[in-house]
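Following this message is one structure expressed as structure tokens.
When the chains are written out, they are named A, B, C and D in that same order, and each has its own residue count from 1.
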Amino acid sequence: DTADKRIALSNNYAGNSWRQAMLQSWDKVTSAAVQDGAVAAADAFTTAENQVTEQAAQIQNLILQGYDAIVINAASPEGLNGAVQEACDAGLTVVSFDGIVTADCAWRIAVDFKKMGKDEVTYLAEKLPDGGNLLEIRGLAGVFVDDEISAGIHEGVSENPQFKIVGSVHGDWAQDVAQKAVAGILPSLPEVVGVVTQGGDGYGAAQAFKAAGRDMPIIVMGNRQDELAWWKEQKDANGYETMSVSIAPGVSTLAFWVAQQILDGADVPKDLTVPFLRIDQDNLEENLETTQKGGVANVEYALDDAKKVIAEAKGD
Amino acid sequence: MTGPAFARLLRGALPALSLALLLGAIFYLQPRTMSYFGLNLLLNLAVPIALATVAQMLILTVNDLDLSIGSYVSLTACIAATWLRDTPLLGLLALGGGVLAYGALGALIHLRNLPSIVVTLGMSFVWLGLAILVLPTPGGKAPDIVRALMTWKPPYVPFPIIACVVIAALAHVALMRSPYGAVLRGAGGNPRAVARAGWSLLRVKVTMYMAAGFVGALAGIALVGLTTSADANIALRYTLLSIAGAILGGSEFVGGRVSPIGAVIGAITLTLAASFLSFLRLNPDFQIGAQGAILILVLALRALIGRAEKDR
Amino acid sequence: MQEVDSGPAPALAPAAVSLAGVEKRFGAVTALAGVSLAVPKGACVGLVGHNGAGKSTLMNVLAGTLAPDTGSVAITGRDVTAGYAIATARENGVRCIFQEGSLCPNLTVAENARIEHPSLTGFSWRTDAGRLIRQKLDEIFPGHGIRPGAMVADLSIARRQMVEIARAFTVTASPVDVVILDEPTSSLDQTIAEQLLAHIRRFVEAGGSAIFISHLLGEVLEISDRVVVMRDGKVVAERPARDFDRDGLVAAMGSVAAAASAAPAASRRTAAPRVDIDAGRGSTVRLTAHTGEIVGLAGLAGHGQTDALLTVFDGGGAGDRVEGAVAFIAGDRQTDGAFPLWSIAENLGISSLGALRRGRLISTAAEDALAARWRERIGIRTPDVWNPLLSLSGGNQQKVLFARALASDADIILMDDPMRGVDVGTKQEVYKILREEADKGRTFLWYTTEMDELLICDHVYVFRDRMIVADLARADLTEEAVIQASFRHDA
Amino acid sequence: MSAIAKLARQPWIFAFVAAVAVWLATAAFTHGQGAGGVLSVAFTFATFFVIVAIGQMFVVTLGPGNVDLSIPATMTLAGTVSMKIMDGANWMILPGYLIAVAVGLVVGLFNVALIRLLRIPPIIATLSSSFVIQSAAIWYNRGLRVKPPTLLADFTTAKIFGLPVLAIIVILIAAVMHVVLTRTVYGRTVIAIGQNARAARLAGLDVGRVRLATYVMCAVFAASCGYVLAGFSGGAALNMGQEYLLSSIAVVVIGGTSVAGGFANVPGLWGAALFLFLLVTMLNTFGLGAGVRLVLTGLIIITVIVIAGGSRANAR
């Protein structure tokens, strides 16, 4: 029974629509859970700046506040290990998701970012059997997720040698930065048939291609509503085809339920995986419909979903 | 006591006052913090910040500003978590190289009369780039001895408090009480006068920058001792934190008016300000704004004594 | 006019220091055009000359802070020209009190003493430095009231000057044989200045040498054994002091000694005053000034006169009255007056920007014309008003600040002992301009520590301990009355 | 001959020389391909930097310690509020802009209140206020991307003879601000305060009012930039201004303005903004890894300032 247990969410960043959706999902699901008496409290904490050191301090404060479990979206997979270890030593349950932590004592709900990158190239290989030049838009240098996705993309390219990455820019996961970087490199690039991204940069890239008057390549999207809307527009106008893939912000709610299950005494393997949320040509419309205007395509999880994920992991 | 001297005394006591206030508020909100364990958790991350702030303050002393300290601390943390652990000699050499590079920057800034802000802004890219080269993906592991030191549990007094006191005391003695310290500060107050007394301003700048590089490296090592592993972006925030901390502690941007003890207190205050907010359990919507509000609140105390000071 | 006669040589021994054939150019300006100067042992040499004559430049060469274009330096007969720099000068016992302050405001008095003495190290250096400077202060300026632990920034400009003087005379590892004093008294009141002169006398009698620069010719004649007169970068006269009198010196400098301007015939204190303020806590007398009046604020330096001026500048408090636009002429020009990155013209025009506008924009032509007019009127020595302000000599910078206020449309002009470092000739010019402007209806509030200047005023208030202690109308104004009031009677 | 010598002495010349050098290096690498295109793109993106840098320059000129760190947050808030209120309606473009300006006014006054009334050093006052402003932006629209009115989007991306319309407008604005800086009472006062605030007060200048006007103006420029940038990149994002924090300072200083205050120039802003954009583009084009790219960015900035620095009288 976890009715008297208190769970905290430690979040390192709130400055984009994905994180906002994540926080909203958390709020929606956990406040219902608190109401139903599943747990006593589920508070969310966000640091002012996206920094490892601030989040480490935040985790230490959460320990002092006597929470029973901390759900973390971490700024760094390694940099928080010190604080996470402190939490474990103090008897807290630590569950990380999206930005996972590597400390042995913590649970991880991971998305296979590497596979996500590779899938992008696999998809392009299907659509463009002749291959061609690719442009890669990366995230923030030195961050784990950026490395993973990029590694997957490069792996995909080496398996599909008909593709060549002719340009790679860092868009810092910020739409204006990505647009600027793409616009800058574009004039000096040969024809580009595909753009591989890390999520959220697709619309900016499309704008840059349009402004440069170039042929629109297949731009892999990242589930933002504006991307999907643009895609839909193009699809209706000229049958444009692409795919969209990203992790659902609602994973925070899965992590919540997993933490609840662990507190409840369930036997949960340390490493769980969730599939990423992929949108294709055929389910574009239905996803666009359910996505809030200006927001991100999302899936929220219930207790049963969590139990299912746990059972699957145990089955492996 | 005359007016300006009294105002100065008051201002000198102000950082300590705001720290005491904040600490009181935290103890009230969360009595659990009032223990050995609590203070340890509350303050241990203040140690690297205090070091970075002291490094920034050293640069402020000679009327410069270091916009690269955050990425430099990140780099030294990456080096500490990789080379220093695996091949200590190489690690020490690399850290020594960092200190020398800082000295060279000081010399460059002095000889070419360059604005330190731009040079260090450029260096912030360089340090970050090097950090990514040293540690392309987050990882590494803190050297055992560093980890052991940072998690040391001495009897009675928590380690972070001892560390902060030692840092403040050493910096104070070196800068405020040593004979050469007076020259270093004088070079911030009136460089021409110091040069006319026969001192080399070049040597002053190089000394200060190297000292900052050294203390900055200590910050990186201390940080990695707490986090156990590193990340190229780990301490970027320290640039602004260290400036804010130094100013909070009573240092000024020009004129060589600095306070090492104040800098350490300022760093601790900033760390505690964030903790205070999480103890308040605000609505997530306002958490970021509240960080700004608390900074304003802490600094607004200055307004109380501001009246006594002239518009200089 | 070239009358460089040697006079009877004071000693056969080689001079303590000597300069020969020194030339120094700054761009188009020739600051020194072949100057030779010898300072005998055990003598004080007075150095006078108009603003911009090259005195400070010459002293900078001697102190090793400025390398001359040509010329040689010798110390006790040894030629030390090659590689002569600050360090050489100091090792050889040459110390300099520069015209612009050389203290670090962020350090204490004792720490500033330490800066001057590399040999002050070891555990107790703070005590040692404190003792060193206090002893010297006690010796030169008895009753100075300066604590070695005081922050220099908190000291008044007079006290800062005192510290700097005392510091130059302190001895540790290297000897003090030659002391250069570049306008040391410009910020001191008469009593303190007397103490300094007495000390220099003692120093010289004990075998030291001194070079004393001042625009107060009385002082120079009183203290010096020999007097050297410079004009336009050359030495134009050099004789024993007793062979000069004040008028002779003035003539040698190339200025005409004007007769002290006549006092106005009638009192102007009939209409309502333009300024009427409470000049300090507990003053029973209010400070008033009328249209067309020059009102003097007297008393020892640092007794609240500047604050009274600032009160007027800020429009006074409740119950005070300040009618008309106000302008301020700084005495402490580095902190209160100069814009160091700007040209002379920009510095001069800054208080008249409204009048310099043609349409909505400032006209460069008008700015140029204004600067050119005042360069003529007040005699600013520069080839081009668009040169940087800092290329001017100290006195000439001061003239720019004067011109700034006078060129503005202010009705009330506040003067914070602004004649510091202004040469005699110019002073007479300025007095004349003040009187003219007053006659046109301007009001002047003039804080000064010079008795001569007080005598020009229509009305004088004497300050002590931040209060007005005497209110002297023109008729009652005598030197004795001012001095009487300036000192506490129990002291 | 003397004209060249005079030109060489201008504090802003180095930024332009550096920009041209970097551009030539890029063109050489691509054998001239896309060189013209890169330049046009550079003007497009430099425009945004120049808009904020003008305001930042006036603030920096006020003297040591004066800097506005709230620019990114102000951009975000102004962009968010104006986009949401306009809600894509073309007739709202002007009212929307006025709203953005109003946001700037409020932010500027808030900053001045902190600096003047509470006597907080500007660098920390604006840092603190940036948190508050960012929080307001999050609270107001939770990161949802609202599309700009189509006319605004078209206007911000329009070009005449290959030159972006926005760039032309901002060149005109820069020219006006140059006159404001050098030929108006306001501009002179700003410069005077930067050299010696106390002397400025005693010279009868209205120090308080001018300081206020400067911080307000800076915030209004930032807000305007947020408005056009949101129009340009298809909506406001919570992280849209983040790279302007350091860039705005870098542009000002590389452009030849003294960080110590009291000495400023406007033309250099264009040179520096173009330089910084072309530098990133050049390194992207070279296709180097993130680490090497960052190191080179830093070294090149330092090299430029070293070459320029010797001939600039006033450095901090």
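Just so it is clear, a contact is a pair of C-beta atoms (placed from the backbone, for glycine too) under 8 Å apart; a residue touches a chain by one contact, two chains touch by 3 or more.
It should be emphasised that the depicted structure is a prediction, and the values quoted were computed from it without experimental measurement.
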{"item": "Between the pairs A-D and B-D, the one where more C-beta pairs touch", "value": "B-D"}
{"item": "Reference chain D; chain at largest CA-centroid distance", "value": "C"}
{"item": "Intercentroid distance (Cα basis), chain D paired with chain A, Å", "value": "32"}
{"item": "CA centroid of chain A to CA centroid of chain C, Å", "value": "71"}
{"item": "Euclidean distance of C-alpha centroids - chain B vs chain D, Å", "value": "29"}
{"item": "Geometric centre distance via CA averages, chain C-chain B, whole Å", "value": "43"}
{"item": "Residues within chain C bordering two or more other chains", "value": "335"}
{"item": "Two or more partner chains touched - positions in chain D", "value": "131, 134, 138, 198, 258, 290-291, 294"}
{"item": "Multi-chain contact residues (two or more partners), chain B", "value": "128, 131-132, 136, 287-288, 291-292, 312"}
{"item": "Chain-chain contacts as defined at top", "value": "A-B, A-D, B-C, B-D, C-D"}
{"item": "Of chain A, residues touching chain D in the complex", "value": "14-21, 24, 48, 138, 141-142, 167-170, 172-177, 179-181, 183-189, 203-204, 207, 211-212, 224-226, 292-295"}
{"item": "Contacting residues of chain A [partner chain B, same complex]", "value": "11, 14, 23, 27, 43-49, 51-54, 56-58, 60-66, 76-83, 85-86, 140-144, 147"}
{"item": "Chain B residues within the chain D interface of the complex", "value": "63-65, 67, 108-109, 112-119, 121-133, 136, 240, 243-244, 247-248, 252-254, 285-293, 295-296, 299-300, 302-303, 306, 311-312"}
{"item": "Chain C-touching residues of chain B, taken from the complex the two chains share", "value": "2, 4-5, 8, 177, 179, 182-183, 185-186, 188-190, 192-199, 255-257, 312"}
{"item": "Of all residues in chain D, those that touch chain B in their complex", "value": "64-65, 69, 114, 117-121, 123-125, 127-132, 134-136, 138-139, 197-198, 201, 246, 249-250, 253-254, 258-260, 289-302, 305-306, 309-310, 312, 315-316"}
